[in-house]
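Per-chain numbering from 1; labels A, B, C and D assigned in written order.
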């Protein structure tokens, strides 16, 4: 088994795919055996007590028969030292094979079964009791800080001084590790401690809370607790692609909220300042439809104003122009355009977040993640993230999801059961306003045709993308 | 789920049994759903590629259908903090319910399915990567030492001075813990460091290696490495009844052998000095048969000598007398009897260990454990354990199982595949000698009727009892 | 130097004394060199600036000349690993040599100088920054708990169950260690957590706070914080005789009070329940004088009552009888005697504690220790300690010294500067009552002749005995 | 006392100087009291035993009288938490006050006494038993690695990648900390593991031992032990100026040699590759004398060759030109010059290291440090350090001091007692060659007039500069 692992780890990407396909097909359930077992099902001619017992035994055998042999292989690998980590990495390869464009469709079903087996096993191992929360400070091991820095993809770390600030005063950084791989952060969560819910990243990343903070000091003593009543989760990153679909982030948030309350008993507000990864993509789809005359998204006044500032002659050209504009970041400097776009984009973004669904859940992966955790969609913020990434994904708009501790569990259940998005009045109002305009559209605005058929989000994923 | 666990933990023994029976029956597989699914099996009328994919999907659904709902319950419980420990304890209750005399047989099959599910899950969690080996010394936490003391059942710890010696110079004590329950030793292993393979416990328990050893010193510096080339595993205890059937002890032995080699590069001999828990029980069965004239176990000469020393008139009375004698420990003082019994008991013990089988494996659970690990049945030692327990279980006989590192893996495979016991020439010779006498018996000595039908060793157990 | 230490450690008691005397005399200050240096003192014939500088240089040389060579030896030894611990142990030998009855008086002065050098060095090393406070629980290393048990001399630990209770719920045990000897507790402090100041040891040692406390649980979670507002220091032990005269206990008390306040913010009372080691000794002296008619200690009524209960005819016989009575513990069972003695003994004990002085400080070493720390002599408790030791030392009487945090520093200064004992009204009243009776004595009750000339308390001791 | 410390820490540089001067003068020894005590010296008119005792008591009083009051102040400060660190920092201020050019000479003697007191106390606290050796790796706390990076002055760390390499494979980094200030490295030692004694820094700083070394791996497993038999101490830095004169570095070297031998039993060579901080300064002095015709330092041939390559007409101009040349680093590119200078500079450098003395010890502080530790001056290496600092201090020359373990102690004693430098034949030969040429000088080459009167190295320093 150890040899097999070593052999696999030496393979290149394509060979690994082949290996996995081979494993999926050759170590799959023996159809014949299942068929034979089914025909041996105990029949009702025996007395009922006996029949029950025989049925249970037969089901037990059936259970083993339908268990594919690769299940056994995986559980053997897990018994090696380093085995669980190996399987996490193997699943990453498996997922990329599964969503590879060159995959022969005839192998897809077998690979999905393989993935399903692996995911179930991993979700047993990555259970809360085996996960450890750790606070990261400037006194943490250097290799850990290096990883925290490298994994940070939401708001990239510029250098060690930047990193030191992110684990310094008025900041908290927590990681989740697993007992099997104690040196590997699975989830990294960054928190900003303040006294109001910020409406832009600038307030978080560039702020030194006061000029008196000594840069060399990392002790929390240099924090003034009276300035702290709000915790902002401004970055949460899942680092292991191989754990896709296995929820870890919400546990971390809950544990960390608990720790924050313990450290600051007067802490009263918990909120995120979150990106909206899919807004521009969706908006482009809407504008394409609007351009074709298939949808209304702006008011007449807005279209007129945009025609002037964008110096175009017709409404279709407005959409054409805007789509082009959003491929670069330059428009942010044209104050007229920015001002004219604020109202319609905020409105449309609210609609995107609040109303758009996929398989009944909120289309936006980050929104879905926080709503499932029981958060409230609280406020949408214009130009909150002026970084290239922020502009490209969401025209710079960000959203606060608030965690009201007493209501989280109830909210979460409501969302999971009724798919109803819980949002503040402001957000709801904006979304309704957008809906009214869209409703007037000539064609039916049913959400499914709207959906850009994205090839990437895998079918098996219930949880969101790793970057939130 | 947390409430359910709390509720369960408050229950008494009988109520727990009821709870488990209820769980086993009401949360069992839905026979109806399985039946319906079976009828939906994709048929060959579609094209073959599609059929394959559909078969896989159908099998996937079948797999979920035959998975009983309690599987889901257990995996949810495992997600609670302390959940895995809760399940280990619950399985202990489950096993005692399953083997309870008052169990309604109609519930047995359902309970076995419940146990099977739980055991499979536990064996996934109690995987090597999550187990930690720790050395215990006099500087270890007191609560840990208290547990090591309380769990020791092979050679009970008399007091704290005794305990201190067992973790002191020329001794090693290792424990296995699990990441989920770091303060709970799962397996405890005691080692004695010496320069020859001892033939009695007295050499191990009562020896201070030299008078110059300062009782207050626990540092290994007070050991003279030149006196050490042999490690004797003289006690190995599995502490969690709920982990019955999940092998942990052999991993501990392997890891510990590795550590011993690292600490003492010149270490060349690894052996146990092990009890023989079932010998007297088996012997009594044999003597009952001999008394009835159904078997030969002693030679004529031996019977005659025993008649004299036991002051009885006939051969049946010898067996009668001996069985009575073995219920107390007094015979150990009667030197004539002791001397006369040595040869026949040693011979019969070798036969018991080497030849007697149950379901093809060695009848004696300790022997079975070490043989599966790849050890060699090396030497049988007369009056090696004069403690009441030692006399009651095995007339004071003990056995050394030796671990020859290079051969362990091969031996283990041989035993598991061919059921052939690997033993030294001496042991083999003794066993053959006993066999020759027994073979002369009037009735057929087939092993199954010999077997005392013990109610306790559960059917599902592959691994041995917790005490070895 | 290392050889010297090894050589010394191999010596027997007498040889060590010889070694120390040799060291004290042969490595003492060179009188001749000092004399010569004195004669080289710079004279006023040079100009004043130069003279000043020359004086400083001369004083520097004088400082080195009067520094005895053993100072250098000690500081070299301290540089060895384990050196500081060696010096602590050496000082213990030195003190016992110094107070040995067989010491040739001509060596006394030299030994005192040696001790003085050593004490000064030790007091530099045993400075607060190098001392560490540690809480001891049942999860602490076993060797540490063993030491805590063995060093406990105030209220001896009976067995491991007893020890477990003393570090369990409603108890705290703290130790001081030094960075040079991290495995050696220097001071051990036991605390009882309750909601009133107890008047007897029984309440402390025998209480399980509630029947629901699980004996196997050591977590503080099994404490009900609402039942805790009082911390009783019921045992404080200095373990190193070689550190006599170097105050550690008061630092520990201060640090621990601080930790208690942090753990229980509502903690409002800090008190001891302390022994009175010298009371009976002093009382015997008083009774001897009373017997001779040199002092009054009881009232007429009391003497009469005692004559009846003790069945003697005259007042002198009362004292005779009482002194004999106090050599055993039987009187505690004679209720009449006990009742009759309560008032006079309580009164006399208050007088002993409050009024009796030695070199201006309170005669009782424990009282002196707590008064120096700023505590208040708060309440005297009849039959608070019925153990043999308690009866033998103080007729079972114990005293509470209370620590009022805000007043400690001020009290301490007052006591050190004015020698005034700060006591509660009750104690003061009792002491005055005793004084009134004693004052009526025929002879002058000056305290010095009263004092039993004890050979043991060394002159150099400023701090109290190790047991408080 | 705490207030005093806080007050002091708030002061500016000049105010601190004033404070220290005030402390030195106002808290100095009471001359009057000393004088009076001297006059009370016991006279010989009493009997001799008594006289001896009285003398000892008088000396004891004298000892206290000459102890300046600031001794008491310092020892009180040490009792505060953080007090010892405060004193270390205070001594740094004290030394800079003492060597400040603006110091009024009339205060110098008093300040020296103050420093002497402080140094003696610090050397008691910074004793081996309180020092801890720690290995620093990439898994050490980030703040510690940041300090290691910032303190490195011998071969400055360029960035975090550079730092990571210095604590990575084929490297060891050790620090000394003190129990009072566990987060502050006192001495930092960098080691390079190789299989030959390198003759240039390039081999140490730029080498990745093999291309197969994974940059992200810091485990020592990526080292091939068979390539390691030599440990090169290539940087040793004392970080606390306030500990000047208190030897720590040699303890670290000894402890570390011990650890290296334990980790690599086949380690056979220990050597430094050390800078020569004072060579160019000394050389300039020599060249000035040569220019004036007061000394010979080059041979005729050498002078002629230099005249050609330096394009000057006369011998004095050669020296003039060279001194100018050495102020920049450009000459290293002129191969002719470099080649011509090699022989004479290597010779002169050997002379400087081997022959030049100050107060009988080797003039070069680094050389003096290693010779005191018992190392052998083993090899001088041309152009071993081409960094600007290396060129400016020593024309790029470096020297290997080798530690032959068996001979260290003996060498050290020889050097300390006889001042004889122990060097290899090669070094000795070069030094003699230089001496022969210098001896031919017209004027007497006595070393004292040669010495550049450096104001900086303080008189009180026995140990070398902090950078070695």
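As a working rule, a residue touches a chain if its C-beta (ideal position, glycine included) is under 8 Å from a C-beta of that chain, and two chains touch if they have at least 3 such contacts.
In this text, all values refer to a predicted model and were calculated from it rather than measured experimentally.
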Quiz item: So which chains are sitting against subunit C and subunit D at once?
Solution: none
Quiz item: Where each step is a move between two chains that touch, what is the least number of such steps from subunit A to subunit C?
Solution: 2
Quiz item: Is the contact between subunit A and subunit D built from the same residue numbers on each copy (over half shared) or from different ones (under half shared)?
Solution: same
Quiz item: Measuring between mean CA coordinates, which chain is farthest from subunit D?
Solution: B
Self-check item: Chain centre separation (subunit B, subunit D; CA means) in Å
Solution: 65
Quiz item: Which integer distance in Å separates the CA centroid of subunit B from that of subunit C?
Solution: 56
Exercise. Mind checking the centre-to-centre distance between subunit A and subunit B? Centres are C-alpha means, answer in whole Å.
Key: 48
Practice problem: Mind listing the subunit C positions that touch subunit B in their complex? | Solution: 138-146, 160, 164, 218
Self-check item: Contacting residues of subunit B [partner subunit A, same complex]
Solution: 28-29, 31, 34, 38, 41, 49, 52-53, 55-57, 59-60, 62-63, 66-67, 75, 78-84, 106, 108-110, 112-113, 116, 121, 123-125, 127-130, 179-180
